[in-house]
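Below you'll find the structure, written out as structure tokens, and then a few comments.
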Amino acid sequence: MSLFLIAALPFLGAVFPALLIRAGRNAAASAAGLTTFLALMGLLIHIPAVMRGEIVTARFDWIPGLGLNANFMLDGLGFLFALLILGIGLLIILYARFYLSREDPMGQFYTYLLLFQGAMVGIVLSDNILLLLIFWELTSLSSFLLIGYWKHLPEGRQGARMALAVTGGGGLAMIAGMLILGNIVGSYDLSVILQNKELIQASPYYLPALILILLGCFTKSAQFPFHFWLPHAMAAPTPVSAYLHSATMVKAGLFLMARMWPVLSGTDAWFYIVATTGLVTMLLGAVIAAFKDDLKALLAFSTVSHLGLITMLLGFGTKFAAVAAVFHIINHATFKAALFMTAGIVDHETGTRDIKRLGGLRHLMPVTFTIGTIAALSMAGLPPLNGFLSKEMMLEETVHTTWLHLHYLVPGLALVAALFSAAYSFRFVGHVFLGPERNDYPAHPHDPPVGLWIAPAFLVVLVILIGLNSAAIVGPLVAVVSSAVIGGEKLPYYSLKLWHGFTPALFMSVVATLGGLFLLGLHKHCERFWNTLPRPEAKVIFEALINHFTQLSRWITDELHNGVLSRYAIIFVAFTVGLGYYAYTTGTIGVETRIPLPAQFIPIIGWICLVGATLGIMWFHRNRLLSLVLIGVVGLIVSVAFNYLSAPDLALTQISVEVVTMILLLLSLNFLPTETPWDSSAARRWRDAAISVVAGIGSGALIYAIMLRDFAFPTISDFHLANSYKGGGGTNVVNVILVDFRGFDTFGEIIVLGIAALIIFALTEAVLGTNVRGYLLNRKPHWPQSGDSHPLMMVVATRVMMPIALMVGAYIFFRGHNQPGGGFIAGLIVAIAFLMQYMASGYTWAIERQRFYYHGTIGWGVLIAAATGLGAWFNERPFLTSDFGYINWPPLEEFEWATAMLFDTGVFLAVLGAVMLALDSLSRFAWRPGMAQEFPMDINPLRDDPPEQDEEKEQA
Amino acid sequence: MEALVASAVGILTAAGIFLILRRRTFPVILGLSLITYAVNVFLFATGRLALNAPAVLNKYEEVPYTDPLPQALVLTAIVISFGMTAVIVMIALSAYLSSKDDHIDMSPQDSVDAPGEDA
Amino acid sequence: MNHWIVAPIVLPAILAPFIIMVLRYHLDLQRIFSVAGVVALLGIALTITAQASGGDIQVYELGDWPAPFGIVMVLDRLSAMMVLLTALLALPIVLYAIASGWDDRGKHFHALFHFQLMGVCGAFLTGDAFNLFVFFEVLLIASYGLMTHGGGSVRLKAGVQYVAYNLLGSTLFLFALGTLYGVTGTLNMADIALRVAEIQAEDTALLRVGAVLLLLVFCIKAAVLPLHFWLPASYANAPLPVAALFAIMTKVGAYSIIRMYTLAFGPEVEATQGLAGDWLQPAALVTLAVGAIGILGSQHIARMVAFCAIASMGTLLIAISLFTPEASAAALYYVFHSTLATALMFLVADLVMERRGGAITPMTPMAQTGLISGLFFVGAIAMAGMPPLSGFIGKLLVLDAARDAPGSSSVWAVVLIGSFVTIVGLARAGSLIFWKSHDAEHIGSEDTADEEATPLPAPEPQTGLAFTSVFGLVAGLILLTIFAGPALNYTSQTAEQLFTPEHYISAVLGGEE
Amino acid sequence: MIDYAIYFAFTCFGAAILMCLWRIITADGVGTRVLALDTMVINTIALMILYGLDQGTEIFFEAAMIIAMLGFVSTVAYARFMLRGNIIE
Amino acid sequence: MTFFFELLITVFLIVSGIFGFVGSFGMIKLKDPMSRLHAPTKATTLGVGGVLLASICHSVLLEGKLSLHELLITLFLFLTAPITALFIAKWHVHRHEKPSDLPDAGEDELWATHAVEQVEDVPDHSTN
Amino acid sequence: MIKLLRRVFPHPHLTFLLTVVWVLLANNGSLNSLVFGLILGIIIPFITQPYWPDQPKLRNWPMIVEYLLIVLWDIVMANITVARIILFKRDAERQPNWVCIPLELRTPEAITVLAGTITMTPGTVSCDLSAQGHNLLVHCLDAPDPEAVRDQIKQRYERRLKEIFE
């Protein structure tokens, strides 16, 4: 079966349980089991090849650009782990089917489990380290889900988050390490990397790469000081603990160290980091385990200890040690999984995992007792069980190991560790099964159904068989795996026999065993002593750390984004000015090439007014109405200045925009406070003033420098001047640019205006829909109102002014193409004309006589403009291509037509509609019932006492 | 002349920014309109200054023309900024009416669940 | 000439007014036409992408005026790709907005939506600097409307800040354009590039000022520190489907940086040396850091997702700031990922908030927890750049591209630590919102900082359409992962095209150099 | 001769405008300020026509006309605001 | 002949200048707000009017082309100035004059500005 | 026939005024501008018609001319007197004064013209109407004798306006 399929099957399988769970728990379980079984079979098919030492591969180019390819390979090492993962996985699936209770969502469980399984298989089969990284992080994620499976248990959630943080974090470090490794070698393919030991170990980046990768491994394999997450992961359902935290995931780190062994090991750095860490972990795990009362906690720390053992062996860097490591991996997997299941059974049957509440179960649960005992003794390292063999090899190797020229350090500590490991193994048997039977078990214990104990039983059988005749059963496997680990080099001499004669290792074993028994005897006293020792609770520290970091980042975030716009703006301005200055000073400024124009009398007057008004605004800005008046002055001066500087179109636009803006602001000011209170300190104001002045100097200096220099290249507007009449049919170049050369800008511009009006309308609707409406109806005016809100004179004047204003608007519109003016200005003028009417006779009176609807006007404006543009498509021209010509109707003189005028009509309508809709919406805020008046003016003597001849006129 | 224009731009910018740094919506809006004047004049002035040379073609005689392009750009800019001013005025007004408070600052906690309130 | 190029702009420009005028009172018709419009846009986008993928650059001269005198739209791989992304994003979001009923909580949602699309597409397609400004304004003002859609006091307050800050930005844009025009005398991007390359060495100061101001404008849009302050409050308080759409707005800034600083102010142009390189990368690193910290420090899901957006922009800009072809290729791949992922997270956040409010505190379970938590998990994986989704590939690409760059170690450190913090933060939020809810009655000892919050009344269960649209985004991410090879291939070609600007210039100016 | 007269008029209206500015800034009530603004507008119109006369150009006419036509709208708006608060009712 | 035309124009200009100046000067000099209101009418009438006449004469008499559009400005000013004045006056009446200060309004009893039922507890003019 | 004319020219005077305005705007007497102005002069009143419900009939055109001339003359004279007051008279000596002018005019247009005239002649500003519009409140810059002012206004202006409008 293709490796792709083997790796993919679990993922495919992950889909079924979720779907099939409706079909019942058995369906889900069997679906999961079946896919796993298939994958396992697919793996076993490759046995012959693997045993021949061949490497099965499958390659697929996924992201060649990155060097991340779906390349898989299967060698001895990969085979062993895949076997463990799939084999034990199968057992776990079976076990979990009976273990999980009715309330637990089993579909989810199997989905997560298979996801995890797939990820693990992916890790061990990857021939591409980037691909391996993907699976690596996937295991972190899926284990996060599995540990947190029992969502209702706080420990579950914490454990899950801790595991994710530690292992995921380690994974991130490993990403860096792998990338470095890949860059040293120039390829991310393992098979290539494994060929480049010299290159890698010679590289200056070897050490960082090593450390980063080991971080990944140590966190994953719960090596000191990252061992603390594993016990808390035990909050997961026992099948998960058995699977992830003894058999597979925690071995991923070991796998990777073994995988990388050929290229990374053999250096001092490797030895001192890996071996030391392993040694410490082994010792620490063993000691802690000996004093744990929770069965699963005991097993967890024993697992930590054994992982340390294997790590240490790999760390030694000798081939023999590597073989021992491989052998122990196999053995540990068998007895530890069995033990976990036993613990699960005990928990399941007695309702407790607390050793203090157990004991004397051997008669009640003989089967479980047998299984548990054998497995435990194997863990203790007693012959003739498989645990004994690999422990012997370990001890043997330690004897030949010197640590900083200390000959007795490593073996000594290893012996202590072995002693403690014997102790807790015996305790597992003695305090759970042996001893007097009790009558206070939470439940009535008895052996479980066969479905629960068959899996561990099978494993225990393995334990025994391997112990008795390892050479026959696992010999070839060990050989092929070991040679894979040591990089296909010649295997060292080793024998998997039980009896090697009286070696130091044998004496050490004996000492360890007896010492273990002795310790168990003194357990009470030791425990009392142990409890007096200060023990840092890793979980508490970790949680506190995370919480403090969370608090810190909350503080940073809220301090940084404290919602004070003025501070945001200051940072913005300061940053801009700073960078602008930097850019300026790092460049070179050319000489002035233009003679400034003389400053005449009138401009100086205007300048004084402008400056005076501006400073006035800064000074009086608290008086909002006054600052509006002053803004009016500024606007006036600016528009006149435009006119003075040969920009009549701008002047016209500025003036009309001015008026509308003013009305807009006054309309809103009617509802806002008319005074701005003092709410910033003098110091603040000075700081603001300073930064503002700097920015002002910046902008002024910039434009001054520009104005005194010529364009570095001829400007494109020469073309516009030259072609405005020929090509655009207009003599007002500005207008031709607006409606023709750059008509697309104008198109966007009217859309902006239209959107603005829409927003204002929408907001009005939204706000008036809320309780604001009531507030508006009851609010008092800022100050007493005068009588006569629609004075007679104003009304009459408007009656004359409005038609004239419309006339002027039309005039400005029609001449726009050739003279200053155009659709935009015309639109504003016409809008203001209607506005006059609003102000004179009131909103309601005027709106009743309104003959056009604003939304429609805007829409038509944009559509007409667009249609003008699209028209060009029909004679194979691009969007917005204009055309013009001349009409000659005697006796009239000829006059021009231009599609640009049509476009300008669109502009006109859009502007008119937008302005009206905006002001109209704002006016609606002031609406209150009874405001609708039937007469255009409040006072009309003609109406009150009409002279006779006017009677009928009044009626009409 | 150039000095007058440049200094005017500078002063308008300064005043505008000063007002934008106030803590109520209305002065900020005033500041925005001031700085809008500033940038419009700035943009206009990048066409360099010229007197009595409007870019209206004269069919009869050869006369100098000012650079029309910046004028067109400024026209567009004026229109757009008018729309923008209208919108911010409206939003500020709505915000004031909805919360009876015209501070422009908001506390980080303002965001908590506020979006839920309208539906 | 090829009218397809301008179609992505003209279509919404006509559809939106039509909706306003004709369908103003018929929400159902509005929805139908709106969706149809987006689908059509998607079709157009696919067409032009197909045309552009060949590698030849097409130019559309509006008003039949030759560049640089008129305005041109330019279709190259980059612009096509961005338009496609816009359309791809718009479809699920508009569907979600309809399904969740958000479009009915205020007036003119669909019109504004299409105007926004018009602005975005225009910004991507235009070849004229000032026209770029105009489209920026179009998309901005549309965003103002969408952001305040539905009203609500806090949202409006945030809206004021958002608008005010961006108006400052627009002003700066004009200062920049004015300076550039005042020096070079042109507005056409290609022409600017041509002239910048030829400018005399002794007169570069003003040009540099213009260039850097322009860069700053784009950095505002791209939410680069310290110009990002507009983002958190406004995204967190906007209607979340709208915030999802805004995922593309920050990309407009990123796009503009890539465009202008490869075309005109590229790495090898003497006149503008060191304007982007010197500070953009540190700023991007800080952006990522602040984003990650914000994710961990947020107490509200919407705000947290807003910081996700900032963090992803940080990552993106790190890649951009390297200004090498492979880095840009990575960046462009990441653009796709981060846009879809951010949108996904915002939609999930909306699903959550509609049911139990946004506070990241335990509450009693809400409707459809399982499904939503699953989606959150997927989105979180994508956001944190965890495998197997495209985020991880994007992250690898960025790290890989940064390897021989100066300061690569800091880049790696920040990116990796950043994702670590992100993972922790998202895991924390997720377990509090989805898991903790199972025992809200007996809150455990952990997270003492989180005070209990009262659950909102569970709303009517969402229509399938809402979830369908969210799944659409998930599917997008998955496809982006599976077809990472082809995608990266395309972006690499795009980057290649970007770093040989001669073709662009000659295509626009008719090979007159 | 005309030139001197024009310069004389320039001076007068220039001074007038400055006085208006002075009034706007120093006046005690908004009413007077609005009045001063209005007067300033009128003087400005005069100045624009004058300048057009001086330079012999027409480009000031439209602006002057529009100012004359619309200038009063904002003045009325201010006054209505002071009188009624609501300028469109 | 031209001399007389030029003289005429000059006179117009000088007159306009003087009245334009006096108009604004009045605003500085006169103390009470109501009196200040009288000032701008001069600037409006003879001030601007003089300039416009000068401009018209200049184009008609000297350049010999019929250009009367300055009349429009006059028209607009004459249409609008009274309205401006009225409103500002109303404002003064509203703010500074009590009905008792004003002459009796005959059978109508009140002047329009005062003819309004006062809303209670409205803050008095807070600003200015 | 009359009805038809009314239909076409809802505001004959206005149409005339607008045409003139257009010609002035175009600033040339060409046929084009005349025709165009006329067209607009006919169209625009249609739009604005509803805003000007009941327009007065104007009678007695010679009187209108006479009135205009008188007003112009008064403006010039008043300007001079007021200029003298502002420049040379000390505030103490000046006697500002309110004057109430009882109106015989009823037509709003007529009242407006009267008030406008009063305002545009320096020295007097029309400030307010009485509650039912039967009196006009006028402020005088310097009026030792209010009655004189009132009589002058009624004699010179109101009488003529009454003949013109009513």
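Note that the chains take the letters A, B, C, D, E and F in the order they are written out, and that residue 1 is the start of every chain.
Keep in mind that, in the parts below, contacts are C-beta pairs under 8 Å (C-beta built on N, C-alpha and C of every residue); 3 or more make two chains touch, one makes a residue touch a chain.
Predicted, not measured: the structure shown is a model, and the values here were computed from it.
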Path length in steps (a step moves to a chain that is touched) from subunit A to subunit F: 1
Contacts common to subunit B and subunit C (chain labels): A
Selected interface, A-B versus B-D, where C-beta contact pairs are more numerous: A-B
Chain whose average C-alpha position is farthest from subunit A's own: F
Reference subunit C; chain at largest CA-centroid distance: F
Length of the line joining the C-alpha centres of subunit C and subunit E, rounded to whole Å: 57
Distance from the mean Cα position of subunit E to that of subunit D, given in whole angstrom: 11
Rounded Å distance, subunit B centre to subunit F centre (Cα mean): 40
Per-residue overlap in subunit F, given as positions that touch at least 2 other chains: 21, 25, 112, 115-116, 126, 128-129, 131-134
Where subunit B touches two or more other chains, by residue: 20, 25, 28, 38, 40, 42, 45-46, 51-52, 54, 56, 69, 73, 76, 80, 83-84, 87, 91-92, 94, 98, 104, 106, 108, 110, 118
Residue numbers of subunit A (touch at least two other chains): 557-558, 561, 563, 565, 569, 624-626, 628, 644, 646, 648, 669, 699, 702-703, 706-707, 715-717, 720, 741-742, 745, 749, 752, 755-756, 759, 763, 766-767, 770, 781-783, 785-788, 791, 793-794, 797, 800-801, 804, 808, 819-820, 939
Contact footprint of subunit A on subunit E as seen in their complex: 75-76, 79-80, 82-83, 86-87, 90-91, 93-94, 110, 112-116, 118-119, 121-128
Subunit B partner contacts - residues on subunit A that touch it in the complex: 557-558, 561-566, 569-570, 573, 594, 596-600, 603-604, 607, 610-611, 614-615, 617-618, 621, 624, 627-628, 631, 634-635, 638, 641-642, 644-650, 653-654, 657, 660-661, 664-665, 668-669, 671-673, 676-677, 679-680, 688-689, 691-693, 695-704, 706-708, 710, 715-717, 720-721, 724-725, 731-734, 737-738, 741-742, 745-746, 749-750, 752-753, 755-757, 759-760, 763-764, 766-767, 770, 772, 775-776, 818-820, 824, 911, 914, 918, 921-922, 925
Of all residues in subunit A, those that touch subunit C in their complex: 61-68, 130, 133-135, 137-138, 141, 144-145, 148, 151-152, 154, 157-158, 160-161, 164-165, 168-169, 172-173, 175-176, 179, 183, 543, 546-547, 549-558, 560-561, 563, 565, 568-569, 571-572, 575-576, 579-580, 582-590, 699, 702-703, 705-707, 709, 711-717, 719-720, 723, 727, 740-745, 747-749, 751-752, 754-756, 758-759, 761-763, 765-767, 769-770, 855-856, 858-860, 862-863, 866, 869-870, 872-873, 877-882
For the subunit A and subunit D complex, residues of the former touching the latter: 601-602, 605, 608-609, 612-613, 616, 625-626, 628-630, 632-633, 636, 639-640, 643-644, 646, 648, 651-652, 655-656, 658-659, 662-663, 666-667, 669-670, 781-783, 785-786, 789, 794, 801, 804-805, 808, 812, 819-821, 829, 832, 835-836, 838-839, 842-843, 919, 923, 926, 931
Partner subunit E, residues of subunit A touching it in the complex: 623-626, 674-675, 780-788, 791, 793-794, 797, 800-801, 804, 938-939
